[in-house]
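There are two complexes below, and they share subunit A, which is joined by subunit B in the first and by subunit C in the second.
Our next item is the complex of A and B:
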């Protein structure tokens, strides 16, 4: 009975916690510009993150190592430095984008410009972690995050042409704007395949002292949680395709996106959008701040844990404190949150081989995962998707920056 | 020898109370005439770690630690005889609070974290 409850809670919180600034924005852009044509990118990214989250839970349950600790131990510190610095920099940008998302939601509701919210939002994120009631807050934020299901309801109410939606699951070439099409595909992959998510999930499994008896729970949570989560992203794309594309609205500013749900829900659509954006980004910002601190503590062998008193894990607390305010600083100086989001998602895609390939090697190392090591299918699927994402990113990022 | 480096270097260190006290940042091997080499110490600390990357970085780390009075600018050495168990972690028969390994944690606590209300 307890297991069933755990599985249910795990699935529900991963659905509620799935949508964040990256998946929301990239799906909305894709729908507005290319209709249902890019749904395949969300499906492909979703498939990859299902495999990766399942692997990271399995790794924790079988090896009892955190992922950063194992990568350092297996490959040595000199190698480890590169993925570590890459991960921290890219994830810091993603954090800034999430903080920006919360600020935009507040701007939509209050009319006060987003920059002004950067410090108050950062302070609240920090305070909740500092107070050490994080496990409660995290589950709370994920449950509140279920408000993002309004996109699924909205998509259903707008009577989408299901045939066209299904056709979008098969990749096809665009009729116009090829560079833009592939760039958005890359950002979608970067928004779906988020290394921080799998590291965070794995840290949680270590804290909860998972063993091999959790492998079933893990499979269910990863498989169902990530599939339903991706379904919400697809719903955002579908709503955007129906609402924005016929009106020729491109998603260049968040005040345009804010109206995405009004055709389905009227005035409440606006409130639902602001609530979804604010809650989803707030939850993600908390997870990311903690994950950066986890990562560094696990890499250097410090005490870490979400429920430790700050003075019992001083360096750990220092890292998340500095991280949160560094992220807020990028918003405070007025960097456009939408540009920041798109750029950090593309950068995530470009650096995927660096962050994921060492982990994939560990997943095939008997000394860590014994008989539970990866099969050929999961190895091939993850490797191919990651290489595709990286190659597309390396080709399209310069085109996007210099091509105007 | 390669096996030992594979098994011990960069592993998590814990004290006898299961505190996470750092990583095995370096290994000191004693060469003995006519006999196989033997591990004498494990080294822990920023300076030992920095030395593996770049000698200049190690100098900076040492200068920083001396300046902040965190250490004398040398890595802390734990005699191999203190090692109790090598498993997922390397457990040593020491108490964190009684070694210099706690000095960075203490410094951050005294200068920054401990001063914030609610710590």
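Our next item is the complex of A and C:
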């Protein structure tokens, strides 16, 4: 009974915690510009993150190692420096985008410019991490994040042409604006395959003291939680395609996305959007801040753990403190949160091999995972998707920057 | 090494092709962006009149739209060739004025005036669609 409850809670928190600024924004832009044509990118990203999250949980449960610590141990510190710097820089941009998302949600409901909210939001994130426990951080925001299911209800209420939606699952070439199409496809992949998510999941497994008896739970949470999570992203795309595309709205600004749910729910659609954006980004910002601290502390062999008192893990606490306020600073100087989000997602895709390839090697190393090594299917699927995302990102990012 | 060189060449080629986009393509892109702002402004006004969007949000959106249209004006001057420039600039300026008037009506909580403005915004949208049609693009 306890196991069933754990599985159910794990799935629910995965669903509630899935949507964040990247998946919401990229799906909304994709729907507004290309209708249902980019649903395949969400499906592909979802498939990849199911495999990766399952692997990271399996790795933690069997080896009792966190991923960063194992990468450093297996490859040596010199090798580890490049992935570490790449991961931290890109994840910091993603954190800034998430803080920006919370600030935008507050701007929508109060009318006060988003920059003014950067420091109060950063302080609240910091305070909850400083005072809270891992369970509160992980489950609190995720349970509240179930509000994002309103996109699924909205999609259903707007009567989408299901045949066209299903056709979108098959990759196809766009009739116009190819560069933008591929750039958004890359951003969707970057938003779906976020390395911080799998690192956070594995650190959580260690914090929750998982062992091999949790492998079934892990498989169910990864498979069902991430599938339903991806379904919410698809619902955002579907709603956007129905609401914005016929009107010719391209989603160049957050103000434009705010009305995405009003055709389905009226005034409550506006409130539900602001709540979904605010809660989803707040939860993600907490997890990302913690993940950067986990990553650095595990890499350097410092004391770490959200359940420890800050004075017992002083350097760990210092890292998340500095990280949160650094992220808030980027919002404070007024960088456009929408552009920051889209580019940080594309950069995430470009740097995926740095984070994922060493992990894949670990997942095939008997010394760490013994008989629970990866099968050929998971190796091939993840490698192909990562390489595809990286190549597309390397080609399309310069196009977007220099080609306008 | 060969892969790196091939990738660099691909990027340079794509950048070249993107940079060489015809003036027609650039004009089409600009018009679509302006049309998108017009449609978003009208949707916001509709939502405000229907009570589906709060006043501070509707007012801020109009302000952001007017600001974005001002930026578009300078983009039009630098990227669109002489012939269609004056026409597109005139429509953009007209749209900006309508958006500002809609903002004033929202600030005054005058829903009837906002409703009137929706008609004006719709006319500018239609005019932009006509220009786009002239470029052979019928998508909205």
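Assume the second predicted complex is superposed on the first by the 400 of 404 C-alpha atoms of A that agree within 3 Å, B and C clash if a C-alpha of one lies under 4 Å from a C-alpha of the other, contacts with A are read in each partner's own complex, and residues count from 1 in each chain.
Heads up, the rule we're going with is that contacts are C-beta pairs under 8 Å (C-beta built on N, C-alpha and C of every residue); 3 or more make two chains touch, one makes a residue touch a chain.
Note that the structure is predicted; figures quoted are calculated from it, not measured.
A.B. asks: Determine, under the contact definition given at the top, whether A:246 touches first (subunit B), second (subunit C), both, or neither.
C.D. replies: second
A.B. asks: Looking at A:318 after the superposition, I want to know if it touches subunit B, subunit C, both of them or none. Which is it: first, second, both, neither?
C.D. replies: In the superposition, A:318 touches subunit B alone.
A.B. asks: Go through the superposed model and pick first if A:304 touches only subunit B, second if only subunit C, both, or neither.
C.D. replies: First partner only.
A.B. asks: Applying the document's definition of touch, where does A:77 land relative to subunit B and subunit C: first, second, both, or neither?
C.D. replies: The answer is first: A:77 touches subunit B but not subunit C.
A.B. asks: So in the superposed three-chain picture, is A:266 touching just subunit B, just subunit C, both, or none of them (first/second/both/neither)?
C.D. replies: Only subunit C; A:266 stays clear of subunit B.
A.B. asks: Tell me which partner A:5 touches in the superposition: subunit B (first), subunit C (second), both or neither.
C.D. replies: neither
A.B. asks: For A:258 in the superposed arrangement: first (subunit B), second (subunit C), both or neither?
C.D. replies: Only subunit C is touched by A:258; subunit B is not.
A.B. asks: Can you list the residues of subunit A that touch subunit B in one structure and subunit C in the other?
C.D. replies: In subunit A, no position sits in both the subunit B and subunit C interfaces.
A.B. asks: Residue numbers of subunit C touching subunit A in their complex, please.
C.D. replies: 7, 10-11, 14-15, 18-19, 21, 32-33, 35-37, 39-40, 42-44, 47, 50-54, 56-57, 59-61, 64-65, 68, 125, 139-140
A.B. asks: For a test of understanding, state which residues of subunit A touch subunit C in their complex under the given definition.
C.D. replies: Per the touch definition, subunit A meets subunit C at residues 107-111, 176, 179, 246-250, 252-253, 255-256, 258-259, 262, 266-267, 269-270, 391, 394-395, 398-399, 402-404.
A.B. asks: For the complex, which residues does subunit B have touching subunit A?
C.D. replies: 9-13, 19-23, 25, 49, 52-53, 88, 104-106, 108-109, 112-114, 116, 118-119
A.B. asks: Given the complex with subunit B, which residues does subunit A contribute to the contact?
C.D. replies: 63-65, 69, 72-73, 76-78, 80-81, 130-131, 297, 300-304, 309-311, 314-315, 317-318, 321
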